[in-house]
Amino acid sequence: MAPYTGIPLSPAELSYLHTSLSQDPPIRPDGRSPTQFRPLVAETDILPSTNGSARICFPDGTEAIVGVKAEVEKTRAAGQDVIRGGEGVLGLGRGGGRDVDDEEMEDGEGNAVKSGRGRDEWVEIAIELPALLADAGLKDTLWINNRFHWRLYIDILLLSQPLSYPLPLLSLTTHLALLSTRLPALISEQDEDPLFNDDWEASTPLYPRHTNPSSSVQQHHIKPPITLLVMTVGPAILFDPSADELAVADAVLALSVAQQLPTDATSKSSDQAPSFKLIALRTVDPPSRLTAGGVPNTLNTTTTTTTSSGTSGTMGSSQKKPTAGEVLAIRERDQGTSVWRPPRGGVSRAVVGRMIKAVVERGGVGWEVMEGLAGVET
Amino acid sequence: MAATMVLLPGEEIPTDLLPKSKKGTLTLGPGLHHTPPSTISATTPGTLQVDHRKAALWLEHAGGRYQPSVGDLVIAQIHHSSVETYSCALTPHTSFALLGQLAFEGVSKKTRPQLKAGDVVYARVSKASKWEDVEIECFNSATGKAEGMGPLKGGMLFDVRPAFARRLMIGTDKEGISKGGVVVLEEVGEKVKFEVAVGRNGRVWVDSGSVRETVLIGQLLRRADEEGWGVEAQRKAVKKALRDV
Amino acid sequence: MQADRRRLNAPPGGTAPPVFATAPKTKLQRPTRTREPDQHRKLFLRTGIVPSASGSAYYEIPPQQQQQTGLLVPQSSSLKITCTVHGPRPLPRNAAFSPNLLLSTHVKFAPFATRNRRGYVQNASERDLGAHLETALRGVVIGERFPKSGCEVVVTVLEGEEDGWWAGNAEGRGGGWGMMGVLAGCITVASAALVDAGIDCVDLVSGGVAAVVQAGTDQRGDDGVVAIDPAPSEHDGGIRAACVVGYLQSRDEVTEMWMKGDAGMRAEQLIDEAVKAASLTRAVLAEAVKEAVEMKLEKVEGNAVAAASVKEGKGKSKDVVMTG
Amino acid sequence: MANGTAKPTGLAFSRETFAKLTPAPFLQALLQQPDPIRPNGRSLDDFRTPTINTGSLSHSNGSAVVRFGDTAVVCGVRAEILLASNIPHPPSEDIYDNDVVERLGLLVPNLELSTGCSPDHLPGNPPSTLAQALSYRILSLLHTSNLIDPEDLRIHHGAPPTEDDLPDEGPKIVTKAYWTLYIDILCIALDGNPFDAAWAAVMSALQSTHLPKAWWDPDREMILCSPLAAEASKLRLRDLPVASTFAVFSTGSPLKQRREAESWVLADPDEFEEGVCTETVTAVVMSDGGDVGRIVRLEKSGGGAIGKAAMRRCVQMSQQRWREWQGVLNGG
Amino acid sequence: MSSTSIALPGQSLGPVSSNNVGAGTHIHGDHLFASIAGPLTTTKASSKVPPNLSIARPTGTLLLPEVGTTVLGRITRTNPRQANFSILALGSTGDVVLAEPLPAIIRQQDIRLTEIDKVTVPGSFRIGDMVRAVVISFGDERAYFASTARDELGVVMAVSEGGNRMVPVSWREFEEVGGTRREARKVAKVV
Amino acid sequence: MGPDILHHPLNRADGSATLSSNLYSVLAAVNGPVEVQRRDELPEEAAVEVNIRPASGVGGPRERWLETVVAAVLRSLLLVHMHPRTLIQITLQITKAPSLTLKGAARDVAVLPSLINAAFLALADGGLPLRNTVAAVLLAVASTGEVREEPSEKELAGCKSVHGLAYDNHGDLLLSESAGSFDLVEWERIADQAEKACRAVMAPLNEDGVVTEGSTSSLPWLRQELTDKAQAAIAWREAT
């Protein structure tokens, strides 16, 4: 990521923001609660020519559009029949196509194991969203028959300059778009060339809205995963941080969560809040590390940087200055207590644990967000 | 004129050709390079020219980019202005020459001319060192007089080869015949009234009230240069051109 | 792929990597993990390998002792990474004023680093590795001590971990598990190079990786074991989840954490194991750095004593007549 | 740290400082001594002793790591298959055999400098002019020296006779595909004279290159290879050219008389020396059947200090070095 | 010397209360920690002042000049207002050699202490001169600001237009060795 | 004989020339001294930049290599100290190249003399300060062992070794690029012949323009060209 510069806040402002956010409960500039998201504008099915689409606009002006397009594609199976003979052809080098041929060896005999037939390359996504592909269920629903599969094109468009880390916005929008995606119903038999019902009403959603226990295995009730941005300041954990808040973050995490598949099909997972699992996590370099530190009062008389060609040029004044060693000592002893100092070091494991918990726990933020998005009118 | 001597780069000037001077100092013009103690060699192919009176010698060479030297009269175009100076272009793609905001006749902080980008001035090279930017002025800093220099209003600029510009500037002998072998201006002058300023940097500024004539004069100069017209050819061309004015 | 004007290009016809046929009688032996789950592979680290750089280091996990298969294709992959640090140096002319050291990282695989021949220009995953590494290092350097200067951290992966066994089946492949092992290596080697360059850091950051690996081939029922420093090719059951950390032991903090996959209820344990791995690497890191410092000191002494041999070119130093 | 006789300016600089502030006078001072010793402690004719180890890269068909003092180069050779049917304008059958390799572009060397090997070559920008020039010199030298027998790169197939063939003639051999060698050279550390090191690395890597047994599979209509090392064949090199580079330090200046100029020829220059030398000579010597060492390539530009006599010395040193190297390379 | 203990970044050096922070160290919480790898040196502690702990880099101490550092560099360009130069080494005898030159500026008013109005840049420096100067501020986004307004500061080595080495003959002039040609400079007083 | 030369074909460039030998035609354009980009700026010298455009297609590594060689020669030829912190830019457009594809290095070496000669003429036309006059020749050693000066396309294709050398008017060897298979003795013979040839093309003329020294095989075309040009430039003086 390019170094995040141009933070409009002065050391004094940063220092103030940091202290107020470190309060318990933290005082956020816009008065939100730590777990509260900023109101966002969301709509789906905005692109008629796609199988599914969505648009989300954050209050800070960042906006994204996602379009999902599905196409039927012949499953590449070069030399498959030969391979049946038991002698395998193994790829060395690029040619991912070759590699997957081995896959055909296992289920090529036509046994009805459904899972593991999906392939990563069936989903073409503009930006790598953590763990979207990890969800095996999605890939398997793309399987039509032994010879054909759906290819899913997910085009993600960030309409605005990213003010901060854009991944959450993109993932939420993608989530919505996938929820609204429908595939035409198949009417052809077995392995013949697929024929589809052109009646849009009959089409099946990629992700069924409400779960009915009777449905067969091929329909899975997992919603696409989402990625959330979480930051810490001192003791506080804040969700959906604004650009200003990020400028004083101690640490920032991007967490991706998905619904937990009910361990046993009979569980009443429908009436109670579904459990969530963490499927991806990464630290994000907080812009706070690039902010300018303040000058402790003890040093204020002599500023060490003169961009304006002031009188400090003459030797006389430079004599009064404290030696570099003294400056260092003063700055170190201050430790950013009296003036702002960009954070050092990382985040403690315990805090990470708390952040994860806050997201995945039943009825946690992850659940809130998904419910919120599920509520979006289509 | 004696049989001209042509030198190639790196060739030394035979000592017997060097002018004798009382002070023992020689003035080296363009195209020559001095290696101590007393070797003088050519840096470009050209014909050796010696001025025994001034104890000066140089190589005559037709082409090449203008190299400023102190005292040259040049036509400069303002590019932008900063606190104390204007930055002006003498030749394309070379670093700008500096013109003091107050380097004009009888101006003060308040009365100094307000020049904007694109304006043209007739100026004199006042400082030319390979180490610093060239400096020019629009008045003789010794006398403080403009001596014909200053902003050029209206008119048009025409590019010619620096060598041709020099010929234009050599002036005329007592019979009023151009020494540079360029008679275009004189010829035209008999029919049309116009103002002209020639810069050593290969720029000629022409202004006769009408655009048509101005362009015509410019074209004549250009072609005289590029097509290497002799005096007669020039006269013919001028007559032909003026016929339909 | 269109021709690159600045490089010598492949023949117009385009080439394909060789495709191997498993000879009838040879049985492909998949490498298996012989060490304990909490045991790290032996690793080699040395600093100061590129004298013209401010700091540099070389990191290697040698290939595991492998049974002679007589195959051309390597059974177990190894890890070879070099890193150079250039800086603190003046910022590029176009750059704006920065009150801190502007750290920039660049990770690139050599074309021959992996089974699939790599391109010459950075691809998305390499750029992402760079971003991860940058996050890991930014937290550890004391930037405000080098105002308006930059620091380039350049990592070249000569040999990279595979995502799975080259001949393995679907589960072992993809998922980019190899990348996580590489990142752990990058963090450690870059940390060594930074210290070698003498840039102020709050701690020695070291990289560590752990994974939830499937014991057997069948997915269902067992929730696998957590193993540190996994070599993807060794886990035929495949890897369910993995986590990399950049760990500051003396502060018990992480500057970088990257977790992928379904760790289920084991997320926390996975992190702890990754941290354990990082602590193990730190020991090696500290050793290498200390060694380097001692060697430098000896050299400095050597020069001071000026008794250095002519071979080092110091001998004549007294005779040099200065001509300003 | 003061050393050297104090100057009127009262300057007393350490060696390193002196070298940094005024490189040329520093070098001149050292070279003007009765028996010149270069800043790096070598004498004028000293080459750095190379260390070579091969086959260390597991994903390459052949590889080598070569160190010349503080210049280190890694070279990996990767073999891929070019199907004859994919060649746009197949060369005519009668093409002079040795030209096949060049005409089809079966050798693809690329040298990478932007590995952070020195502060002047940081990544993020396309290959520098230097990198491109080096890559091309290596390619051109590979072709000129006819190192590789095209036969080694051909993948043949005995096509079964078809009815339009004359009955009596057996299966005719056709070239179904060619091996293409991607020769990637990474400069890991740079302290001058990258060419000699890179070339040595290429030689060693090619020497250690093994190509798998490959055949045309008519059913799958593709080339298949055997993974067995036993069946793989070693690439044969016809010769072992050795490159020797020299730099010339000259005090000549247009401000001084030509006769005043002094110059010294420095074998295998390092980064510092290259910085103050403009003129260079590279001689590439190979056996070409004989045992004297014939010249296959001779390059000199950047000045006029080296005349016939100096050139003779350079070539003779190169031939000497070539003899020594036969051992090193064959051993390595 | 080899007996000195070597500290590594992150190594605790004891509580802040009883130790003074020195070069190459930093404070985290209430403890002093090492921030570079190198030999640890402790100054004598007195009754009132706690010992000062500092760590030296095995190669030279500084990586970048600080305000007040004496530097050596070469003039790269001049104009009426200022002279640009590249800092090549730190310390009055340049003991710390920099890997890459740092851009610096000597403004016209910082060339000399006296007669600032009379001093001209071309009359003080010429491109190629080797100067000794002292850093007076971190300067603008690009260049450090340096000054030669002290006797021992100024041009220490110069080459004449004729390409010959020169030696100082006065506080304002250099002269060609074995020649008569003189050129004006801000001469660094011989120390 | 000697190549066909056209002086100052381009009016916009400070200096230009086209040179056509039996193998190659090159259009050379020179601009300078002009403003230099900050990163290429040399405090005490002019930077020399050479751009080479192949007869067909865009340039690649081969052209970059040719550029470095030509630039090295020109840098040693130009008085770069006279224009510090400026740029001298030379563009060489190859307009004609042998039709029959020559083998690698032969093709590389063969083009160099034409490039050098064309560049020199353009620099001279542009009046840029030159230290010396330079001339370059191409020699080929046939399989029979005999040496061919300015060989034909066919001779080049079949030869054992190719040599491009450049000498200045002081007899200094500024360029020597050889490829093929040869030994020291052969090269020295080549060098001698090349020096003779180079001196010949710049040999002084006497009144009736007959060569006074050098091989009879080549007339002093270089001096002839430059002399005629210089005299033409002052024609107007005689006219007045």
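The chains carry the letters A, B, C, D, E and F, assigned in the order they are written, with residues numbered from 1 in each.
Assume a residue touches a chain if its C-beta (ideal position, glycine included) is under 8 Å from a C-beta of that chain, and two chains touch if they have at least 3 such contacts.
Protein identities per chain, from UniProt: A = Ribosomal RNA-processing protein 42; B = Ribosomal RNA-processing protein 40; C, F = Exoribonuclease phosphorolytic domain-containing protein; D = Ribosomal RNA-processing protein 43; E = S1 motif domain-containing protein.
On a predicted model such as this, the values are computed, not experimentally measured, just so you know.
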Over the chains that touch one another, what is the least number of steps taking subunit B to subunit C? 2
Maximum distance between Cα centroids and subunit B occurs for chain A
Which chain maximises the distance between its CA centroid and that of subunit F? A
Hey, which pair has more contacts between C-betas, B-F or C-D? C-D
Which whole number of Å gives the spacing of the CA centres of subunit A and subunit F? 62
Quick one: subunit E and subunit F, Cα centre-to-centre, how many Å? 48
Taking each chain's centre as its mean C-alpha position, how far apart are subunit C and subunit F in Å? 50
Give the residues of subunit D touching no fewer than two other chains, as numbers and ranges. 7, 9, 11, 13, 22, 80, 119, 132, 135-136, 139, 222, 224-225, 227, 254-256
Send over the residues of subunit C in touch with two or more other chains. 6-8, 16-22, 73, 86, 89, 93, 96-97, 115, 117, 142, 147, 202-203, 248, 251, 323-324
Touching two or more other chains, which residues of subunit F qualify? 60-61, 64, 79, 84-85, 131, 168, 170
Partner subunit E, residues of subunit B touching it in the complex: 36, 98, 129, 131-133
The subunit D residues in contact with subunit E across the complex are 1-2, 7-14, 16-17, 20-22, 119, 253, 255-256
In their complex, what parts of subunit C are in touch with subunit A? 16-22, 24, 73, 96-100, 102, 104, 115-117, 124, 128, 131-132, 134-135, 138-140, 142-145, 147, 166-167, 169-171, 173-175, 202-203, 243, 246, 248, 251-264, 267-268, 271-272, 275
Would you pull the subunit C residues touching subunit F in the complex into a rising list? 5-8, 93
Touching residues of subunit E toward subunit B in the complex: what are they? 78-80, 122, 126-127, 162
